[in-house]
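Alright, structures below, take your time with them.
Same chain, two partners: chain A is paired with chain B first, then with chain C.
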Partner chain A sequence: MRAANYNPKLRLQLMIILLLLALISNIFGSYFTRFFIAEITILSIFAMSLDFIASRGGMISLGHAMFLGIGAYASAILTINYGISPFSSTLYTFLVGAIIGIIIGYFIVLLDGIFFIMVTLALGEMFNAWVFTSDYLGGSDGISGILRPNFLILGIDMNNPLIFSFYTILWLLGIYFILTKITDSPLGRNLDAIRQNKDRISAIGGYTKAYKTIAFALSAGVASIAGSLYVQLNGFISPELTHWTVSGEGLIMIIVGGIGSISGAILGATVVHIIQHELSNIINWWMLVIGFGFIFIVLFMKDGLWGLLEQIQKRLR
Partner chain B sequence: MSLSLNNINKTFGSVKVLNNVSINSIKKECLGIIGPNGAGKSTLFKVISGNLKQDTGDIFFNDSNINNLNIEKRARLGISQSFQKNSLFSEMTVKESLMLALSHKYKITFNILHSLLDNKTINIDAKTIAKDTGLLDYLDIKSDNLAYGLQRQLELGIAIACNPKLLLLDEPTAGMSPAETKGIIILIKNLSIKYSIIIVEHDMDVIYELADRIYVLDRGSLIFEGDAKSVKESKLVQKIYLGI
Partner chain C sequence: MILIQILNALQFSMTLFLLAVGLTIIFGLMKIVNLAHGSLYMVGAYIGLSIFNYTESFWLALIFAPVLTALIGAILYSLLFKHIQNADPMKQVLLTFGLIYIGLDSVRLLWGTMSHSISAPNLLSNSLLVLNEPYPSYRLFVILVGFVVMFTLYFVLEKTKIGAKVRASVDDPETAQLLQINTDKILFYTFALGCGLAGLAGITVAPILGVEPGMDMEVLVLTLIVVVLGGPGSLKGAIIGSLLIGFVDSFGKVYIPQLAQIIIYAVMALTLLFKPDGLYKR
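Presenting the complex of A and B:
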């Protein structure tokens, strides 16, 4: 499976630009803009989780919305039923997602290509079916009344959209930092090598299954964090969040951004979400436009927008 | 280093591909395995490396039975291989490929705290291996962009970066020009000073130049064992190769 060129310098440059744009939009934007930024940030975290396993291990997951849902529902249950602080619940959801990721990953990470995709799809749909029918999880009505973290003791009001948006950006930065560190590390490079040639990694004594299981678990944990933040942003969770089409949208974001660049996942999430939002306000057939745009990128821009930026960078040198 | 194959048998369907093959190597040497097409050389190679499991028979490596160890576990014991068809990391440069392989030698593959490419020790080691394999001028070139002969050299480089006790080379000169073949022979001769090597080869001249001892396979059975001179002079070997 193809991934974008490994280019840590461009990765950082792109991240800085996106961060500055987010900060400026946040500070000078309206209430809605700040809410929108928070949405994009959370989607970016989800996109990074998908990007990480796609490029580190060559795993395409059509079931990752399940972990989004696990994070969201776990966060809701922990705060409402057990009185755990929302901030702590986000940390716990990482653990819950990662542990479930280890269990699932142990059995499926060595599956190849289409088999891995279909198993993740099946698992995601099983979870979706369960949450739709579970009384404990609110069934088709979902769960509402989920609060945001309370830092009033520090004079920080998380119900202020500006503050909450900055809060999500901090999470994004933390996750970005950790994922880039792992990407550059020996583990990350071996995972990248598995995507390129897993037989060779085995032949040099690599622990292929262990590496891929760790990557899957980490990705599951990150997706769960996105779910937790999502539910705190919106105050409620509905089972639609766990539908496989949400995973599909995530994959579209990372393909548009450029698989394997991490910053590209954030760029892809930003561009796709903005276009979706703006087009849906103008025309009814906006999904057709998105579809054509996606096909264009797949056919002519195999490294997505990241590839375009690389070409610009080369020309500017 | 010691490697012992005792009465190895392997059948595919109704075809007996390996028939009671026994091989021994108890010191550092370069062992050659030759035979005409269909002799079972590749199958034997795969059985030693762990890509294939034999039907019956035992394999001992440094006195441990490795029958039930897969390719990953055998590699960790020190059995490293290069492939007949190039098996490289297409998007990585020469330096990145060697450093990746070295991360296994230094057992840091689970490390997530530091950048691999910033590791000074591994950087130096990678350059040494690149020098030994004639790749010092190509460190920043992607594997896919190397000429075929250089890719074969990188194949060897990755195999030796893992600090092997035994190097398995599957037709290292496959697809190479005479000039490239000469280069690889010199390279392997230098490697044989440091490593125990088993070479499976189709090109008998290559084997005669490199191997201390040669096993000759024909239709799954070992028919001859000896040094290059005795193999060249063997009427039996001449018969199976030349039909005379």
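Presenting the complex of A and C:
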């Protein structure tokens, strides 16, 4: 697997630009724009979780929508059935996702590229099938009536889309901060080394499996947070959320943005979601256009939009 | 009653086999996971539908749908797949994911979003008595087609010189090239053949399940599971895998409908836990 993009300076610059764009369009946008920004922010969190394991860990998960679903359902059940506040439920979903991530990761992290993809796909579909048949989880109807966090004591109304968008952006910033710190830390370096030559790292006494499992669990936890925020945004869960094509779209986002750059994942999620949304408003054969777009990017833009930005950065220097 | 179940399971297994065998050989030769394999199955069914509507002959559809699907496969190979061979799996996944989008929308634009049906030919529209149980003869025909393809492929791959060349290219492409085997040509033809078999699966199930957008996704994951379970690149694996999944799925749906889906994935997870390379490692 090729080396992942790593350029902390550009990463921060891109992040600041994206953040400013989000804040400006949130403040001046309409009701709908604000909702849309929250959606993009949540998808960005999901994309970052995929980006982290794909780039640092060399693990391409086609089953990550399962963790999105775990976060969503855990959050819903914790708030509705156990009366835990929506805000703490998001924190708990991280734990739930990460613990399930450790258990699954323990068995699968050492599988090779394509087997890893297939096994995650199968596990994700298994979860999807289970969700559809489980009465406890509402079956094909899903669960509705999920509340947003309540900060009225502080004078903050989360049902205002402006506020909720800011809230999701805060989560995004926190997760961005943690993931970049980890990427730059010894753990990140270790993961890079393991991805490049797993056998050599085992030979010199490195803990390949443990590090990869930690990375997978972390990513699972982050995806669960995205799931939790997603249900709070919409107020309901549809089991469609756990379909494998959702994971596939997440992977598309990170390759459009540029794998391994973290803020590139956010850029990718933003661009893909806007294009999907706008295009489907204009023409009804948008999937055709997007399909060709994916193929173009895979064949001709090795590092996605991030690669373009790096070239621009070099020119400017 | 149990006999009917067995025959249904067998028919489903054969459809899975037609799909999985193409995918597994392509994987063995090119190390490519073609997520768009299900789309070729759908396109095959739709092409068959058009031929059937124009000529009112099921038999012409049965012959030309796979041929045209193979042609589409050949074009896709030359334009795209040739260039992503040995690329990292991420790229393969995304490129073929893009093809799923294109396949689904093309089908919608050309044939609409309605579901269509093809009637089985007169010769096969009645029921036969199998051990005093009436059973639709068309389904028996699908089972027969599956077995014919299975034995033909087995014979060609194991007993002929061309088969030996294909196996050599799967096992060790570099050495095969040194021995003057034109692996590029083998790749081209096996890729087209694999796609053609997906088309055959599509047109043969059309009279049973109908033709509709989204039929690609229904079979894709099961086919991938058959391939991974059997061991990618192995014909025997595809046979055993499709029988296993076909039977588990069909019997599961009858006896434990709530868990049927989950059992399939559980079978796969357990198999991979104990045999990480699939049942038949090449």
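The rule is short, and it goes like this: the second predicted complex is superposed on the first by the 315 of 317 C-alpha atoms of A that agree within 3 Å, B and C clash if a C-alpha of one lies under 4 Å from a C-alpha of the other, contacts with A are read in each partner's own complex, and residues count from 1 in each chain.
In the analysis below, a contact is a pair of C-beta atoms (placed from the backbone, for glycine too) under 8 Å apart; a residue touches a chain by one contact, two chains touch by 3 or more.
Quantities reported herein were computed from a predicted structural model and do not represent experimental measurements.
Enquirer: Using the superposition on chain A, tell me whether chain B and chain C clash or fit.
Expert: fit
Enquirer: Which partner does A:35 reach: the first (chain B), the second (chain C), both, or neither?
Expert: Neither chain B nor chain C is touched by A:35.
Enquirer: Of the two partners chain B and chain C, indicate the one touching more residues belonging to chain A.
Expert: Of chain B and chain C, the partner in contact with more residues of chain A is C.
Enquirer: May I ask you to decide whether A:197 touches chain B, chain C, both, or neither, giving the answer as first, second, both or neither?
Expert: It touches chain B, and chain C stays clear.
Enquirer: I'd like to know which partner A:182 touches here: chain B for first, chain C for second, both or neither.
Expert: first
Enquirer: Should A:62 be classified as contacting the first partner (chain B), the second (chain C), both, or neither?
Expert: Second partner only.
Enquirer: Contact-wise, after the overlay, does A:6 reach chain B, chain C, both or neither (first, second, both, neither)?
Expert: first
Enquirer: After superposition on the shared chain, which partner residues are touched by A:106: those of chain B (first), chain C (second), both, or neither?
Expert: Neither partner.
Enquirer: Between chain B (first) and chain C (second), which, if any, makes contact with A:206: first, second, both or neither?
Expert: Touch status of A:206: first partner only.
Enquirer: Go through the superposed model and pick first if A:285 touches only chain B, second if only chain C, both, or neither.
Expert: Touch status of A:285: second partner only.
Enquirer: Between chain B and chain C, what opening angle does the Cα centre of chain A see in the overlaid model, nearest 10 degrees?
Expert: Result: 80 degrees at the vertex chain A.
Enquirer: For the overlay built on chain A, what is the smallest gap between any CA atom of chain B and any CA atom of chain C, in Å?
Expert: Checking C-alpha atoms only, chain B sits 15 Å from chain C at its nearest point.
Enquirer: In their shared complex, at which residues does chain B touch chain A?
Expert: Chain B residues touching chain A: 49, 70-73, 75-76, 80-81, 83, 87-92, 96, 99-101, 103-104, 108-117, 158-159, 161-162.
Enquirer: Can you list the chain C residues touching chain A in their complex?
Expert: Those residues of chain C that touch chain A are 27, 31, 33, 35, 80, 83-84, 88-91, 93-95, 97-106, 108-109, 217, 221, 224-225, 227-228, 232, 258-259, 261-262, 265-266, 268-269, 272-273, 276-277.
Enquirer: Any idea which chain A residues touch chain B in the complex?
Expert: Going through chain A, the ones touching chain B are 3, 5-6, 181-182, 184-190, 192-193, 196-197, 199-200, 202-208, 210-211, 214.
Enquirer: In the complex formed with chain C, which residues of chain A make contact?
Expert: 1-2, 54, 60, 62, 107, 111, 113-115, 117-119, 121-123, 125-126, 129-130, 132-133, 244-245, 248, 251-252, 255, 259, 285-288, 290-295, 297-299
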